[in-house]
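If you scroll down you'll find the structure; I have some questions about it.
Note that the chains take the letters A, B, C and D in the order they are written out, and that residue 1 is the start of every chain.
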Amino acid sequence: MSAPKKYHGITPPLITPLLSRDTLDVAGLERLIEHQISGGVAGLFILGTTGEGPSHSYRLRRELIERTCHFAQGRVPTLVGITDTSFVESVNLARYSAEVGADSVVLAPPYYLPPGQSELIDYINHLVPELPIPLFLYNMPGLTKVSFEPETVLRAMEHPSIIGLKDSSGNMIYVHRMIELLRQRADWTLLVGQEELLADSVLAGSHGGVNGGANVFPRLYVNLYEAANRGDLTLTRELHAKVMQVSGKLYRLGDHASSYIKGIKTALSLLDICDDGMAEPFQRFESKERAKVQAVLTELQPIIG
Amino acid sequence: MSAPKKYHGITPPLITPLLSRDTLDVAGLERLIEHQISGGVAGLFILGTTGEGPSHSYRLRRELIERTCHFAQGRVPTLVGITDTSFVESVNLARYSAEVGADSVVLAPPYYLPPGQSELIDYINHLVPELPIPLFLYNMPGLTKVSFEPETVLRAMEHPSIIGLKDSSGNMIYVHRMIELLRQRADWTLLVGQEELLADSVLAGSHGGVNGGANVFPRLYVNLYEAANRGDLTLTRELHAKVMQVSGKLYRLGDHASSYIKGIKTALSLLDICDDGMAEPFQRFESKERAKVQAVLTELQPIIG
Amino acid sequence: MSAPKKYHGITPPLITPLLSRDTLDVAGLERLIEHQISGGVAGLFILGTTGEGPSHSYRLRRELIERTCHFAQGRVPTLVGITDTSFVESVNLARYSAEVGADSVVLAPPYYLPPGQSELIDYINHLVPELPIPLFLYNMPGLTKVSFEPETVLRAMEHPSIIGLKDSSGNMIYVHRMIELLRQRADWTLLVGQEELLADSVLAGSHGGVNGGANVFPRLYVNLYEAANRGDLTLTRELHAKVMQVSGKLYRLGDHASSYIKGIKTALSLLDICDDGMAEPFQRFESKERAKVQAVLTELQPIIG
Amino acid sequence: MSAPKKYHGITPPLITPLLSRDTLDVAGLERLIEHQISGGVAGLFILGTTGEGPSHSYRLRRELIERTCHFAQGRVPTLVGITDTSFVESVNLARYSAEVGADSVVLAPPYYLPPGQSELIDYINHLVPELPIPLFLYNMPGLTKVSFEPETVLRAMEHPSIIGLKDSSGNMIYVHRMIELLRQRADWTLLVGQEELLADSVLAGSHGGVNGGANVFPRLYVNLYEAANRGDLTLTRELHAKVMQVSGKLYRLGDHASSYIKGIKTALSLLDICDDGMAEPFQRFESKERAKVQAVLTELQPIIG
């Protein structure tokens, strides 16, 4: 359907490989990036929710930004999460990202005391002129307690340097409202976070996914995106069923919301790609859950190939 | 009832006087602190929710900590909010606070991806040894999406350097559960955030309040605390009714949750105490709301005295 | 794809035409039913949320059941909502429905004090043997405060007389989990409530919709179902865009959640199909909103045809 | 403080003794009522949340109303819950209640599709003229999904036949707002549902409690009410601590929200007062939980006396 464009396709929300709470697993990061690029991804998104972005020290965030841009070598664009409760710190991260070669930045609303929609519009209007590279909005109401309402997105579309939106609301009706808005900006890119909605949203007119499972199985998600994008319903259903298995089996092996990230990191560790260290307030899975992840991998790998 | 102890009484959650988004109103801060101390407060709490703590750059946070300790001159203790999504940044702020003379730090759970209770216990166990000064827990589930459950507080009480808890849940039943736990730690200080619950909680056995309205009317809140603490029910009801008027009339003059902070800052500006600049993503009230705040002040000042 | 089966397609959740709070608009009901059947619907669902089922007296519910079965004359199946906080009253309604010729009943969880999942399983196990006709489960967590979790649905599938599920969670990920469960019961019918998700869910493997807008424009929804069911992506997108316009323009013309029902009833009144009387605690739109509905109809009718 | 008035004091929300899902334990009901009256209660509230009101058939509701009025013999007033999603059924229950001698009725908002505040005001204005006996409003937003906002209560106070409000929000700040409104209606009665808030609310100016634990230990709650009402802080704290133990130990012995009711019913069964049968969708505790309730009783009885 749509011609291939920058940012169309799968941009994995990279986990942040850690040796300990404030120590990057640099070699693991390089292997992870190679794993993604060889899997056909369209870009690399760092410092998002899956990347535990808000948990890292600013020092570590800068190191991660610099090294990711370095390892990517421009083969795919690097997108950097600059979501922060502090306006000044968001701007600082954006400037640093531009300096070291990132392509764009990604911003959810400040997430402590939630702003109203008119406050959110003011905030965007003040922030955008300070950013040296293009911006994606990031809708994540489950964690930020506020959504970018359609009217607010419409206002944001007046800024040419805001080039798209990533939705992680899990709300497919919201995705359809966003697809309606694409009429206002032919160059706007709409990406969806929940991998269970990748097939639906691409069939409906979105441009790709930012799906956590792509850290482990990038080719599966890329293939699903491509099948849906060319309207191959049979293959779309078949690959979508595999994605449903990844999310159904890998993301709830522990008791808490963090199990999603721990499941992905443990799988990558078992595949010898990188360390599964977590940033505080989370800890890596213990041996019991690790064994469960191994069992899931053993079950899924032959299916996913 | 209880003999006067450090931290018992009213510790206002200081607003942060700002000339612009990243510029402290230093003279205003000094006047605000004198206003509090002459009002009889027991301590000064900076960088909390009312202080827009998470919105400030780390540079500004450090400046505020240093200047508050300097202006307070040890006349009352300074408590510093170190709540952060990043463990490392919380520790950094705590160390700086200790260096410049703060008495204790105050910590709500990391507030992006919410931890489970067992993760929260691990986090506290890891953090406490890194802190050079005592710690208050800060329960604020409306904004952090997770509560310190009673069982978790019981575990936290095993750390002698955790010396109390500030509850801003607005849930009086939770306050009663916390009062039950005081049997485990005779030296623990329990403070309550919502000023509407100050009278109830002190009558029931808590040790004071961290009440936003005390920024404007410190003496009212101090008098209410003292009346309740000595069991004077008649005076308690009379002063409580005045506090209800402050919260009922001053905190909802705008459309958004931030109206609470804007109302307090505007009142302080109208009283020539400090500037009403807000940190992003918020903006100061415009003239329409400012006139409403003036009308409320005109109505309340003769009543409150 | 799937061969045409009973219950596959569009089953509108009929509004209940009322002359006043407890008086059925009998002639209006007959016209509404003819409007649906001539629009190609697969069935008629009465006493659901859109039908204001829980608001009606039991006398009126019985009258509505009897008259609907009478008017339908078996041309399409009649499905009757028996959701109730009282087990006994649900059974009574089901028995009456069977007596007067209804085909099946539809049941959401009791919606006052919400049961846990194991309590819900017990409840279903006790209720099913009392029902003389087949049962659809009705997932509506926004109003019942409890969801039929996938594990619970799996247990319910053990009852041959439970023949399907209608999901109105608005959660497309839940729909995908339900589609996964269809492997357990080849004869099970999965229908989706939100019309914005009709295209997605049929493309993904569900069997149709129970969509409020079909009260007004049955043919549009039937055509969309058929296009999606045969995999015609181009037509699906075109008709889906029209459905998005109906839901975007017609359902939020008042201030409250009830605006959805009021919008549909007012449109049917303007089309001279039936009265727009509402059951308490709701009242029909006043002239201001009525004029807005007229404007929306004038805009939409040429587009929808 | 206030002179003794009708409805001031403790009005237990009676559990409904059941032999099976639709069979009243008549002898148990009589013993339960004698237990309450000998405990000094001010009234009897039937068909509330604790009474599983919405779960019962209308036949059983009528039997319960008639028998309660008969057993009470006018010694204390009987209050009947008429909360219903159907206006007509609420009116029918109110008329029957008046016929058999009830003193007043109690009404929460219709609880399926929640009305907005203006819709709620219309509803009350339409309903009140149909009621032959006085009405208490019942604020229960956790289950009805809508609160009686202070402005709505102010409007309801214009009806002389609305004589009070029972708040079960668990929100003490709301209680304080209601106490402020008492200035508008000197004859209005304010009662609070959560027993953990009984002491606070009576000290602050409310008139009593509708507390589930009074089913088991009526004298404890009556004594606490009286101590708080005469301002005896020392005794209030002592008795409040006992009430905290009842609620802390007895109400969460199972996994679900219904454990609160099951705990009370099991305790009454162990005390040989009445059967612990539950209405669907709930089932009585099994032996494991029953043993826990026995252990709690053994621990609490010597303390409570």
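A few points about this structure:
As a convention for this text, a residue touches a chain if its C-beta (ideal position, glycine included) is under 8 Å from a C-beta of that chain, and two chains touch if they have at least 3 such contacts.
Bear in mind that the values here come from a model prediction, so they are computed numbers and not experimental data.
Number of steps on the shortest path from chain A to chain D, with steps defined by chain touch: 2.
In summary, no chain was found to touch both chain B and chain D. Using CA-based centroids throughout, the chain positioned farthest away from chain D is A.
Rounded to a whole number, the gap between the C-alpha centres of chain C and chain D is 36 angstrom. In this assembly, the C-alpha centroid of chain B lies 50 Å from the C-alpha centroid of chain C. Shared interface positions of chain C, defined as residues touching 2 or more other chains, are absent.
Every pair of chains that touch is listed here: A-B, A-C, B-D, C-D. Those residues of chain B that touch chain A in the complex are listed here as 21-22, 49, 52, 54-60, 85-89, 92, 109-116, 118-120, 122-123, 126-127, 143, 145, 255-258, 261, 279-283.
Across the complex, chain B is touched by residues 170-173, 176-177, 180, 194, 196-197, 199-200, 203-205, 231, 233, 237, 240-241, 244, 248 of chain D.
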